[in-house]
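Inspection log for the structure reproduced underneath, given as structure tokens.
The letters A, B, C and D name the chains in turn, as written, and every chain counts its residues from 1.
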Amino acid sequence: MSKELFKNKDIKINLKSGITIPNDKLIIAGPCAIEGYNQLLDTAKFVKAIGANVLRGGAYKPRTSPFSFQGMKEEGLEILKSVKKEVKIPVVTELMDVRDFDKVYDVADIIQIGSRNMHNFPLLVEVGKQDKPVFLKRGMSATIDEWIKAAEYIAIGGNTNIIMCERGIRTYNDYTRNTLDLAAVPIIKKETGLPVVVDPSHGTGVRELVKPMSLASFAAGADGIMVEVHPNPKNALSDGKQSLTFDEFEDLLISLKNGAI
Amino acid sequence: MSKELFKNKDIKINLKSGITIPNDKLIIAGPCAIEGYNQLLDTAKFVKAIGANVLRGGAYKPRTSPFSFQGMKEEGLEILKSVKKEVKIPVVTELMDVRDFDKVYDVADIIQIGSRNMHNFPLLVEVGKQDKPVFLKRGMSATIDEWIKAAEYIAIGGNTNIIMCERGIRTYNDYTRNTLDLAAVPIIKKETGLPVVVDPSHGTGVRELVKPMSLASFAAGADGIMVEVHPNPKNALSDGKQSLTFDEFEDLLISLKNGAI
Amino acid sequence: MSKELFKNKDIKINLKSGITIPNDKLIIAGPCAIEGYNQLLDTAKFVKAIGANVLRGGAYKPRTSPFSFQGMKEEGLEILKSVKKEVKIPVVTELMDVRDFDKVYDVADIIQIGSRNMHNFPLLVEVGKQDKPVFLKRGMSATIDEWIKAAEYIAIGGNTNIIMCERGIRTYNDYTRNTLDLAAVPIIKKETGLPVVVDPSHGTGVRELVKPMSLASFAAGADGIMVEVHPNPKNALSDGKQSLTFDEFEDLLISLKNGAI
Amino acid sequence: MSKELFKNKDIKINLKSGITIPNDKLIIAGPCAIEGYNQLLDTAKFVKAIGANVLRGGAYKPRTSPFSFQGMKEEGLEILKSVKKEVKIPVVTELMDVRDFDKVYDVADIIQIGSRNMHNFPLLVEVGKQDKPVFLKRGMSATIDEWIKAAEYIAIGGNTNIIMCERGIRTYNDYTRNTLDLAAVPIIKKETGLPVVVDPSHGTGVRELVKPMSLASFAAGADGIMVEVHPNPKNALSDGKQSLTFDEFEDLLISLKNGAI
């Protein structure tokens, strides 16, 4: 494993609102999918007020079944643009298709490559040629080496502003949706120097585990967390079981401020 | 799990040279990657003479590292086109990028979606809108359900000419490159009615295991095999360890004809 | 990996009734657990009449929960002894506890070490010091190397009459109970020269998959199969979903005789 | 999943030196294997001085190969007994064979059941009938449910003084020896109320990862850690790569005291 593409780069990622990584810890929060203007606006206002510094929200959703809700797409991006402007918070959203690049680039402050696309090399090459930070989720069963090489596909284009996101791996475990591999945090930081963010929502799939795993992530050296928050998880169009309510998110942030970060 | 999209369709896939699935067993053979005109021509002539009825050969290669050989791309497709015409054998080749669709469509008799792209939904949707058979490899850690739903992404566009390819899954096993899950063969046939082909080359990563696993695949009910064959595996630009020599391929075909299929 | 303990041993295992391995193919059949005299007698008579050459039946059952049926223990061994005498068929039964060695040795023609005990080294050492063949099931997540080294724990005691049993490994797959790793068959034969039997009942956990996986096992080079058969699977005290009815077992044996072995 | 056997028990484990769980955090340290009197004495003195409250040290070692060092056995237990008396620290050591029960019981303050024996039900039943706390390591590929049911095998004998130890599970990951599943910590605590200790040494197999994973374990709610420490890891007879030097252990304890526990 090599960090030739990354070392001596003194990577410092600058986001809006004066946030820089690794100086600041990233608290990325928001709904799995954008479901409407009010849903996103309410969530954005709340999570920002509580301490989140980046808003998440998917307009294009990669779903296992073609019959599941696929995201609001262009309409979702428009909502994201409006909410971002109104709430004044940088946003991360997923790019699934090279043909949607311009539309996503127009809105996103950070471009997310999801787990299912970690091996979508043409997509990686594309986001490596542009200037916005890339949020690279680990593939469902990617080794450390494969994940780093996916980052290299981005870096060869010149863009080394890459945030690595550990989001759990696929194992035989059946209590949790995935097995969160927190050892990946210090490993990736050592091997590449890149910032690492943990997604305990997908990493466990269980609402009650988001808080302890968030605390553990920072203890392991993570540069941030990405957490799903929804005004009403029971009615969420996707990932309701792993989304925090507003109250739960506030409780998490209080715990984090009490010493963890 | 449902086979609503597939059942009662009486799926019969017609390839050139009068081959129909499931009436005929598919013997797909050829190099992992197209490396040059002579390499492909020699291999095509040989495998056809021995009994293969489809030629494989990758022009676009999804490689873990951006620094590995990425395939001959357009030049590779041109070679494939020439060899196909000269040897008169249908060909399967991989499509990795929606933007390359026209070029691949122009040459391929069967369009392959590789393991790394089983979850690349925009790509699946694209090949679902055209009329050529699609060869859908199972994702590295895809469940049966996810694999079938990937086929549904293709089928919703109207194209149900889908060949499912079991190519091994990722497990803790370290002797083989992947763990070939032959139980998937009868399962997929029962759940969808679609033809299933096994790739013992990727499924094991070990040359000596290709023959016993090919025999086992047909015994389990497979409609075909996809086998990597190379004139000189030691010098192959990719997957040399799992590629058969011409002699080994001939030995395999003799065994198959002696009762297995 | 080495086969020093096994090679040049010319291993030939002699069972009662003139069966020798590897000359004969092993067809081991019977209930998961001995549940009573009539259940075992009826099954034994039937499977022998149809073509089985070894009877299986557990008296001591390693069950995940302490509240599940744990086997008939000594009473089960007595039943096994009577049925064996009456039906004249060699028997294999599991040893779980070194303290039960004498009782199991008294009845068994082949002593089974179950998956959960593949790493129970004191038990392995014990069966290595006696003269009856040992049926060594692969551990739930054992690598090839660990499995061979478990066989070495037996062989260092002097007993190299070891039958290796592939029974599926634990993976993320959720359609089947385990993932049957048929590539292990040629691998173990190459690395150790020991006979390999496949257990498609535990290997899949799904009744309808037992037949295709049995056929595939022999095609891959297996020396035998171990199959669960029960007079009334719906009422079985354990493993009912994967047990064949008498009719299904007969259908399997007909298929095997039609060319597979 | 049920915690009927555990709930309302108000489990409070009392060790020597006034340590009680869950009131105190367990810092278990020492060599993988007892290799000699001085090795153990030096380590015991050092780890106690720095802040460990339990000494670990294996006399019986379950090793993958029968040709690897198998532990000093009875001689090792004698050394452990002497060191325990001299240093005045409670000790945990592994029981592998029911026939060694009396010898291990005589020395151990906590009886360890290793990963390879989590499914050795006769051994679990045996330690359930005695009065010393049991340290139950999770099996290599045990689900949460199987692990809890293994604890139930102990508890049905009357002994509910069980410490659950997460030590990593087997996955496809190849950078680390195992994948440490820290989500198991809050899950086990919720489902059973039993204390949970994490073993980051086996959980990662990599010395540099022991510290960040120890910090993360406590953040996730663990009641303790078990860490391998050796005077000279390079010369250790087992597990040298994952053992901390004295300096590294001191550095770890300083970090823990600075806020983590």
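The working rule: contacts are C-beta pairs under 8 Å (C-beta built on N, C-alpha and C of every residue); 3 or more make two chains touch, one makes a residue touch a chain.
Computed from a predicted structure; not experimentally measured.
Asker: Return the chain pair with more inter-chain C-beta contacts, choosing between B-D and C-D.
Answerer: C-D
Asker: Compute the centre of every chain as the mean of its C-alpha atoms, then state which one is farthest from the centre of chain A.
Answerer: The chain farthest from chain A, judged by C-alpha centres, is C.
Asker: Over half of interface residue numbers shared between chain B and chain C means same, under half means different, so which is it?
Answerer: Looking at both copies, the contact residues mostly coincide.
Asker: Provide the C-alpha centroid distance between chain C and chain D, rounded to the nearest whole angstrom.
Answerer: The mean C-alpha positions of chain C and chain D differ by 34 Å.
Asker: Between chain B and chain D, tell me the centre distance in angstrom, where each centre is the average of that chain's C-alpha atoms.
Answerer: The separation of the two C-alpha centroids amounts to 48 Å.
Asker: Two or more other chains in contact with one residue: find those residues in chain D.
Answerer: If we look for residues of chain D contacting two or more partner chains, we find 141, 145, 170-172, 174.
Asker: Over in the complex, which chain A residues touch chain B? Could you list them?
Answerer: Counting only chain A, the residues touching chain B are 62-67, 96-99, 116-117, 119-122, 125, 140-141, 145-146, 149, 152-153, 156, 170.
Asker: Contact residues on chain B for chain D in the complex?
Answerer: Against chain D, chain B makes touches at 141, 170-172, 174.
Asker: Taking the complex as given, what residues does chain A use to touch chain D?
Answerer: Residues of chain A touching chain D: 141, 143-145, 169, 171-176, 179-183, 185-187, 190, 203-204, 206, 208-209, 212-213, 215-221, 259-260.
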